[in-house]
Each structure stands twice: as C-alpha cells, then as structure tokens.
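The chains carry the letters A, B, C and D, assigned in the order they are written, with residues numbered from 1 in each.
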Amino acid sequence: MAKEIKKIALLTGGGDCSGLNAVIQAAVKTAILQYGYEVYGYKFGYRGLYNNDLMPLTLESVSGILGRGGTILYSSNKDNLFDYQVEENGKMVKKDVSNVGVENLKKEGIDALVVIGGDGTLTSARDFSRKGVNVIGVPKTIDNDLACTDVTFGFNTAIDVATEALDRLHTTAESHHRVMILEVMGRNAGWIALESGIAGSADVILIPEIPYDINKVVEKIRAREERGKLFTIIVVAEGAKPKDGEVVVQKIVEDSPDPIRLGGIGNKLAADLEKLVKNHEIRNTVLGHIQRGGTTGTYDRILSTRYGVKAVELVAEGMFGNMVALKGDTIGYDSLENVIGKLKTVKPDDELVNIARSIGISFGD
Amino acid sequence: MAKEIKKIALLTGGGDCSGLNAVIQAAVKTAILQYGYEVYGYKFGYRGLYNNDLMPLTLESVSGILGRGGTILYSSNKDNLFDYQVEENGKMVKKDVSNVGVENLKKEGIDALVVIGGDGTLTSARDFSRKGVNVIGVPKTIDNDLACTDVTFGFNTAIDVATEALDRLHTTAESHHRVMILEVMGRNAGWIALESGIAGSADVILIPEIPYDINKVVEKIRAREERGKLFTIIVVAEGAKPKDGEVVVQKIVEDSPDPIRLGGIGNKLAADLEKLVKNHEIRNTVLGHIQRGGTTGTYDRILSTRYGVKAVELVAEGMFGNMVALKGDTIGYDSLENVIGKLKTVKPDDELVNIARSIGISFGD
Amino acid sequence: MAKEIKKIALLTGGGDCSGLNAVIQAAVKTAILQYGYEVYGYKFGYRGLYNNDLMPLTLESVSGILGRGGTILYSSNKDNLFDYQVEENGKMVKKDVSNVGVENLKKEGIDALVVIGGDGTLTSARDFSRKGVNVIGVPKTIDNDLACTDVTFGFNTAIDVATEALDRLHTTAESHHRVMILEVMGRNAGWIALESGIAGSADVILIPEIPYDINKVVEKIRAREERGKLFTIIVVAEGAKPKDGEVVVQKIVEDSPDPIRLGGIGNKLAADLEKLVKNHEIRNTVLGHIQRGGTTGTYDRILSTRYGVKAVELVAEGMFGNMVALKGDTIGYDSLENVIGKLKTVKPDDELVNIARSIGISFGD
Amino acid sequence: MAKEIKKIALLTGGGDCSGLNAVIQAAVKTAILQYGYEVYGYKFGYRGLYNNDLMPLTLESVSGILGRGGTILYSSNKDNLFDYQVEENGKMVKKDVSNVGVENLKKEGIDALVVIGGDGTLTSARDFSRKGVNVIGVPKTIDNDLACTDVTFGFNTAIDVATEALDRLHTTAESHHRVMILEVMGRNAGWIALESGIAGSADVILIPEIPYDINKVVEKIRAREERGKLFTIIVVAEGAKPKDGEVVVQKIVEDSPDPIRLGGIGNKLAADLEKLVKNHEIRNTVLGHIQRGGTTGTYDRILSTRYGVKAVELVAEGMFGNMVALKGDTIGYDSLENVIGKLKTVKPDDELVNIARSIGISFGD
C-alpha cells in the first residue's frame, strides 16, 4: 500500500552519465518536501545494497548538485547481486546473493527502492521487483538506446560535447584540407553519432545500424572535392561496422577484464582511408570519456528533474515494477518487464536518417 | 501542382533567434540536392519582397552557417506589406502593398515562398496564402509561445544562455548572501523563465501566467533563511505581473517608436524587495539580447535542420498554406489558418509547473 | 620570526570575483602540505574577525573548489573594523573596533592572516599590519585596477563573459542592422571594456579614462555605413563619461544604502543615439553580475593558484605587510603601504589603446 | 627603406592553431587603415609562394574572422622551398626552389612578407631574410615552446580545451573511483600538460622534461587512497617519457609519411597501471586535434591581435628579419636569427612546476 511508505532508498548503477545528480536531487526534494519520506542512498550501486552501505539523503546533502556530473552515491559496473562474485572457502565464486539485498532492505525498513541505471542495472531492478521488492526504475544511458522511453538523460549532454568537438575539428579540416574522423560512443546504437553528426555538420556518419562500404566513403570525399570542398568530416560510432568483416580491436593487456583498447573503428577507418585517399591527410580523434562527465547540459537538467520527481510520485502511488519514461512531450512510465533486453536502435528509415540524407550526409551505404 | 516547382524563395522576418541560419541551410541543401530547385532569398524579410531585393542561395552561400547566430538573409521588424508605410504625395501613409509582393514573385518566377518567422510574420504568410501565393511557414520565436508546435527553434539556446547566467549568479548569491534576480525574455509566456528556472536551480520563478504576490516571494526568502539558506535566486519573465496592479515602465525617449526601457519588472521587483527584505542585498540583472544571438545550441541546430528539410518537402508535395511543426517526437505540419493569433502560454497546471513546485520552487502565488 | 608560525587564518572581503576559491585552495594546500600549518578561515571577511566566527580549513574542506565561483569563506562589503557600525546605548554608531580583531587573533593563536580583497579590504589589511598583525595581502578586483600588480584574478574570467556576450550580440546586430551597446563593469578603470572590446570585435570602446564625444560615436556609425557595414557594436564601461557633463543615474529607492540603479551610462548612450541615429534600432544590454561569478576561467585558475601558494610562502618567510603581485611573468610581492589608494587606470597611450586604434576601433574621442 | 612599402603579403604555415585568423585580421586592418598598404595572402603557406597562388586581403575579406579557428589563407605542413619536392625527369626529387619564391615576390611587387608559423616555417622565414627578402615573423605553436617569446597564441585556447576535458573527467573519476588519464599535446615541451594540469586539478602531471617512474605514480595513487581519495587524475604530455626506456608507438600504416599512431604514452601508461593498480579501473583519453581548432579563446584573440598589429608596425619601420614577441607585459621583437632551433622547454625548477608541487601535484619523479 502506497500510504505506508515512510522510508525510501536510491541507488545509481553502471557507467557515468550526466544528469545522475539531477535525478537524485529532484527525487530527494520531492520525497522530503511533498511526501515527508526519509530518504537514503546506497553507495556504489548494488554493492552498497549488499554491504548495507547506506547514507542519509537530506535537502542539505543534495544542495548545489543539480548541474554537477557524476553521482554523489557513487556507482560501480557489473555488480549484479543475482550473479555476484564472493569468496567462499578461499576461492572467488559467483552466486546469487540477492537475498542479502532483500534482507538489508527489510532490516533498514526501506519501503521502496529507486534504481537509476541502464539495461544491466534495470534488469536487476526487475529481478528484485519479481522478488517482491518495491522498485521504481529510472532509465540511464548516454547512448539513448533503452526501449520504451524517447530520450534518456545524459544523451543530450553527450551530443553537446561531441558537437563542440566537431566544431573544433571543422576549422582545422577546412584550413588544412584534411579528412577528420571523430569516434564517439555508441556500441550498439548510433544515436550520438547521428545527432552530433547533424548538429556538427558532418559529411559522413557511420553507425552500427547501417554497415558501411569504405568505397562509398571515398566517393563522398571525391564528390566534395569536385565541388571545391577539399575537406571532409566523418563521425563514427564506436560500434560502426564495415560491410565486409569485423573490426579487430587490438588490446594491450589481453588478460585484463577491461583491456586497454588500441585501435577501434576510428583507427581502422583512418588506416583504410590513408591507403585510399593519398591527397589528404587523415586524422582520427577518439572522444572517449569526456562524453560522460562534467557540467550537465540544460536539456538533461530538466529531463533528469522530471524523471526524479516522477519516480517518487510513482512510489507514492504504489506503482512499483515500473520505469519512468518520456513519451513524446510527457513523462509517463512503463513496466520494467517490457523494457529489459530491448534495444532502441536507429532504424535505417528513421526520420533523422532521412533528414541527414536530405542535406547530403552520407551513411557510407 | 507540386511537380512544376522550379524556383523557390526564402525570407526571414521578426526579431533575432538562434537557428535561423540552420533552417536556411537545411532548406537550401534539400531544395538543391533532393529536388534540383533554384533557390533565392529575399533580404530583410517582406521589405525585400516589396523591393524585389533578391539574392541567389547556393550550396556555397549556405556553407558553414549551421551554428552561426543571426540570419544571412537579414531581417526586419514590423514590415507588414498588408499595412506598409510608404510615401505618398510627400507624406508617410500606411497602405496595403501586398500586390507588389505578389507581382514580384510572378516577375521572378518564384513558385513557392518559405517564410520563417513568428506570429506577425506568419500572419502575413497566411494572408499571402489567401491571395494564392504558394507559402510554407516555419515557426520562429525564442519565447516558444507559438501555437500548434511543441517547440520552436531558438528557445533551447535561449534557456542555455539564461541557465548559464543563473549558474554564474548562484555562486555570488551564495557567497554574499544576496537575493539575485534575473529578468529573462517572455512578454506573454513564461517558458524561458520556467525552464531556465528549473535548470538553473532558481528558488522563485515569476511568469506572466501566474500573477505573483510580493509577500509570497518574501515568505520564500524567509523560509530559506530558516533552513540556513541565506540567499535566494529569482528568475522573472519580462511580462510577469504582480497580483495588484501594473508595472509602470519608465522610458527615456518617450516619442521614440521603440523607446529605451528603464526599469521593467526586474527593477520593480528589486525595488520592492529592497524595502521588504532589509537583511539581504538585492541585485537585478536584465539578460536582454544575449538570449537571441550567438552560437546556436545543439538541440536547436537539429530542430532547425528538421524544420528546414520538412519545409521544402511540403513545397515538393504542394502542401501550401501550412506551417511545419513539432508534434511530440516527429515533424509534422499544421494549417497557417490554425496557428495565427493563438498563444501557447504556460498553463498553471502544466507538468513543468508541477515539477517545479514538487522540488520546492515558488511561483509567488 | 617566521619559524614560529603554526596557525594561520584566511579571510575574503569585498565583492564577488572568480578565483577566490582557487586562492583559498592553493593557500590551504600549501600551508598544510609544505609547512604543516593549521589553517582557519574567518567567515564573512572582517565581520567574522570581529565576531570570531572561525572555521577550520582542511584538505577535505577545499577539495573540488578550484573552478567554482564565489568563496567558501563568504564575504561582505563595507565591513571596516577601523570604522565599524556597532550598537551603543541603543544607537548605531561607527567606531574603531580593530582591537577586537587583534584580540581575537591572539585568543585563537593565529600567527598570520592572509587577506584576500580589493582596495578597501587591503586598506584594512595595511592598518592591521601597522598594528603589528602579521598580514599578507592577495589582490582581488575584477576591474584589474589595483596598483603594483600586472593582473588581478577574476579579471580574465570577466572578459571571457563579456566577450561571449559581444559574440552573441554581434550576430543580432549584423542580421538586424542595429547599434548594440554592452555596458560592462569598470567604474574607474576601463580595462574590462578595453580587453573585451578588442576580443569581441567592438567598433567603439568607451572608458572612463577617455571622455567621449557622442558626435564622434555617430561619426563612426556613419563611417561604417559608408563601407557597407550597417551595424555597430559599442562596449561601454559603467564609469565612462561624456566630455560634456555628468551622467545622472536615476534611482528607484533613493533612501537605500545601495539603491537600484535605473539607467546608467549604457541607457544614456542608447537614449542619446536614439535621437541622433534614426536609421538604426539601438539596443542596450547591461551585463551586470554575471561578470562576477560562475565557473572560473583557465587563466584565473592558474593565476589564483600562484597567488595562493605565494601568499603562504611569504608567511613562511616572515615577509609580512606585503601583497603578492604579478610582475611580468613572475609572482613577486609589493608592500601594502605602496599599493593602497593607487588606481591602475588605462593610460590614453597604453599599448592596448593603440592596438585598438590601429585596427580601427574608436574611443569616441 | 620603410617608406617605400606599398604592397605586403601574408602567409600561414604549419599545423593548425587557434588565433591565426586573428593575427591575419589585425595585420590586414592595420596595414590598410594605418599605412594604406595593399595586402595579399599566399594560400597554403610557402606552397602558395612557389605557385604564386595569391589572394587579395581587404577589410571585407577579414570581416568576422577574429574568433574563428583555422586560417583563411589555408596552411600546409612541410612545404620548405629550400628543400622542396618537385618532379624532374619523371622522378620526385628534393631541391632548393627558394629562388622561385623570391622571383614571385618581385614579379608581384610584394615589398614585405609577414610569415606566421612555428619553428619550421620561421626557419624558412629566416632563410628568405638572408636572401634579402623583407620578412617579419609571427610565432605560432600551441605547444608554447618557441624561444624568445613568453607566450605563443593558440596555447591558451589549447589549455582551455584540455582543462574543460579534465573538468569532465573529474566527475566520472570521482563517482567511479577511477584513474583517468588525459593525453595532451606537447612532444618536446610539457607546457600544455603543466598549465592544464594545474587548472584542471590533476593529481599527476607527466611531461617530457621530467622523466617519470611508474612506481612514483602508483605511490601517489596509494597516498590519495589513504586520504580517502579513491580516484586520481593524470595529465600526460604526448612526449612524456618513463625513466627507463622508450615508448614504442605502434603504427597501423607503417609506410605512410604520417602513420596512424596506435598507442602512444597515454595507452602505455594505462597498460602499465592496469598491471600495478588492480583496485581501480584505468581509462585513457587522447584529446588530439580538438586542442587545435574551433572558437579562439579571449586571451588568444587579444594576443594574436597584438602580434598582428605589431608585425605590420615592424614592416612600416623597416625592422625586417625580426619576429614579434611577447616580453612580460609588452609586445616587442627579436631577431629571427636568435629564435630558430631553440626550444623553450619546462625547466625542472620553473615557477609553475614548484607551484604544482606546492599544492601536492606529483611529477612522477
């Protein structure tokens, strides 16, 4: 029963994403000011739930964090309590320790849990919901590839950063008659490349959803030359793929769980073009983690605030097992059962793809 | 018949707004690359149509303008050919000279006219449409108060600028225990104040749609003091109104058509608070025209591009008399007949108003 | 003797200025890490010294503040302990209470005081030094008008903000053929107007040091028109003066200690030009307090860090009674006795003035 | 004789650098407005001088370019007319074609040449000067490693970009308890790493001038852990070197004149730390070309303007064979003979190095 809610907890899981603190602030303010809840945060995502590592969240503790990157609750990757690495008899084994989490919630009297995270984090949220925990999810991914919501927070800040990088590369490309490549995030979905490519006046956008032919890229470079444009800007999602075959990513520390990546698609593309386009210098920049942190953009501050408020309203209404979601112009929600495991990728005939083609941008196909 | 379109023209009217050049670029690229049209621009809005002051628009002439503020076609305020100031017998009189515009279009063989502007400019667009001219409208207002479209371009850049200003005022307010007021644009609608207020962590948002009581503002300042917050940030739309009575704006040059405004709501508010809140210094900043120009934000670059492409698609489809419009997630259109004269103001129970109230923001009511 | 220093205190006085927190962070880190001092901060400048309102400053308390505007020590204007407003026999009187400050320092065992402030704050610093207090000054003014140091921190961030505003006004001016005025800070010295005017491509720069003739400004507007430039950008320091007569600033709340200013030089200029230049619209923007706060620019972060480190080094060397100062490329120091009451204004033949004239900028003279 | 100057030409050589257009604008305006010169630009640096590829530079052609990245004159790397690649008898050979340049100058009646470039470009400038050409140099390098001038333009914009990247990485590092590495430009000199490291609150700065010991870097990470700081920010110049041995940079296209670099110092460092610091995730970002282009910062706009004006003044005074230079607070000049081949590197006891050490930054030594 929603009436009985007195104490709620928040946790943030997965990679960094601009807007996490804005969600936290809005949820805490709403919970305290509108509903009089006591609010806590588990530190380091589910790891904190397992360790019962709890901090009180007050109006004071969320003061001034709206625009700040990161998360005051800290986060960790890959901490799935349903398949958690623990020591047993001197050996590390993986086992389901989710009951520890459930017990900790009970012990602390936490009536509801607001989970802010991406597909992995929300899968656990769903699984806790199935175990009877009162869970509300908040979708987080800078890639914007979560199903059931039009936009995820952090995405617009990422395209702001990528667009500014493209603006900077533009002047150099033009002055020095170069082909400049910018590799942006997006393993499975090309949204960042697509939107920053349009906003940053890219000539070629390569995304995972539309495998590219390197010869078509060269054709575009040549077509521009014929029009007197002696430079070309290419934005490529990290998950973009050539039509023929794989991108072999070299790694420095092979045995590491998260090896240093040498190369990747941007470098492959640069190497391939270096062979095919002798009359231009080619340069590749991998934007990397600066897409994830720092001051949160205006759009994401507002979207995150809407998500945070709505999450607590769903708690108050007892609408557990749901994730807040942006649908067109309004904030609604969807069942966590519907969301998980579905990827929102760029359709080849998406409006934005057509827009891009209309203004002459090539997808290398 | 849409098939017969060969030559089109663009014009921009009304006040400055980030994204105008992005619309122009997208429209010109689409017209040339997708449809093979010849494209022209009338300079200075309708005045150019009257004077037949035309410039060719080519891929070259729109190169590099996507992110730049202003309009390469120039603009002018208040040039309504249906009520135009002309000299007659040595005297300035106002008369309907719209036929001159119609004739100029015929003379130059312009098959369709894309008009980018706000309520005034689009009213004339509708009137030319009624006279049989093939017109497509593109909505422009930084105030976001045009009916029939969810968002107008330029609005998000304006809230970016206002939010950054609020961020800057914040640190000073906090260090010096001040009440800081920021007056932003919005004569009839409070959207800029509302969204920048949420994004910029304002404590009080005053908008035309919700008349304020100065005592409620003082109450909010006092309530914050009690919580140990010895500063307050107020964002006020230029059209905000106290519940009791008018804001008398003093003017320096009374006989001027557009007199220098001295005062305005921000100054009135500061003066009133100065009397009521003796223990804080009060400061007012009027953001003014820096909301209108400069580098266009990412969101507006994409939205403007979508509008520009769609406008030319509507030309190609012969869908004249319509205005392109954002509906939820997609770009559609609406009849110019529906759009004109309706203002999209903030409803007192708008989702964003409720969001703001949930996190403790006061509207002074 | 420098050796005996064990405990030091910091205070910040006067108006807000980007870089205050960077000075505090550098001083605290250096004091703790290099010298093992205990460090305290007086809150609200000298008022805190009077009230013995002290907070400990640790590595933790200065963590993350380098780029943040404002001051974690808070500040207050006009709190001069040598002429301080106190209640006596039920009446407010002004008297010298500096001995209370001296006693408080002794009572707390503070061996040295680092005072960060402008001319007023540093005057008191000198006076405490004369009374035997171990004082080191750090120069602060966004106006850059303090003597004996080449640059003060906060100044470069202010010109960044002013330059970005000019960039934004530029596109509107150009598109709409306007005369755009930007009023920036600088009551006695025109440095902000001068440097932002050069960086922001102003056509006219008006500063207190070079009284202007409104007819010369009009001449410049006309000369630009003749070259086909139908817009003009004017940046004016708040202290700029016409050759003939005063600027009467209207005030709303006359009896207030710090009345709301209506008008000021930007408005006067706009009103005057409105009468003289009928063929352009004139617009004035008063940049105000957004010049003072917010994220600190790169240059100021480094300069402030250098000042903060040097201040503590001077403490350690027992070089009391001095102010840190930038001399060409290096950080040195100068006696507080030399600094006070001298204003570093723009000389009419300053290199930057000549640079500006060389590229065609008018000073209205 | 200086009096006889009537026609001058400009050229820009070497890699991109923010501020090139500002130098060009200031030089052109000064030349035309103050001296009545005719001004031309050679396109693509010395290649344009060889091909006599000339464009007129007027007030109109330099309008609006002050803050724009790149160079309207275009540039090329490695075009040394004293050792130029030409076709002879069907084979590509290198030969001295500088006389062609000298002849072209005569043929066009160019009385003086303003050469804007780095060490390579200025070496040719000196050599042309030795051949009797009236040359003035303007120093350009984002690395700030040119001798005889305190600061080169483009450097401060590069540290702005690097500092903003560090700000963004900071929030992620803190939230996720990571070691974040940022590789910035600086092959021979560590100025960008040093200044952005201070401004961006780096914990470790690695530069070519101070070879590092990886164990000292690990010690710093551990020392921070002990203070409860579970993250570390490292900024590394591309030319930084470990004490023991070389950094082997893998290349994808070995036979290319400018091969794609895989790896480099940032990646090596990440791989090494991955082995030594098991309890943190390590991430590396290579900032690359976004340091070179885009909107020019305020400081560089002013510095470039000063250089451009001074270069033309030196032309007017007949002071050929010199390079303009910033000395402390003023713009002076130095003989090209003195400048060439000398590198201004970071001295291990440079004031800024000491500043950084004072606030606890490690250089890994």
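One rule holds for everything that comes next: a contact is a pair of C-beta atoms (placed from the backbone, for glycine too) under 8 Å apart; a residue touches a chain by one contact, two chains touch by 3 or more.
This is a predicted model, so every value here is computed, not measured.
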What's the overlap between the neighbours of subunit C and those of subunit D? none
State, to the nearest whole Å, the distance from the C-alpha centre of subunit B to the C-alpha centre of subunit D. 41
Whole-Å gap between the CA centroids of subunit A and subunit D: 35
Subunit A and subunit B have mean C-alpha positions lying a whole-number Å distance apart equal to 32
Two or more other chains in contact with one residue: find those residues in subunit D. 167, 295
Specify the contact topology among the chains shown, as one of line, ring, star, complete or other. ring
What are the touching chain pairs in this one? A-B, A-D, B-C, C-D
Residue ranges of subunit B in contact with subunit C within the complex: 15-16, 20, 68-72, 74-77, 161, 164-165, 167-177, 180, 250, 252-253, 256, 258-260, 262-263, 267-268, 270-271, 274-275, 281-290, 292-295
For a test of understanding, state which residues of subunit C touch subunit D in their complex under the given definition. 25-26, 29-30, 33-34, 59-60, 63-64, 66-67, 150, 156, 159-160, 163, 167, 174, 195-196, 198-199, 201, 227-229, 297-299, 301-302, 305-306, 309, 313, 327-331, 351-352, 355, 358-360
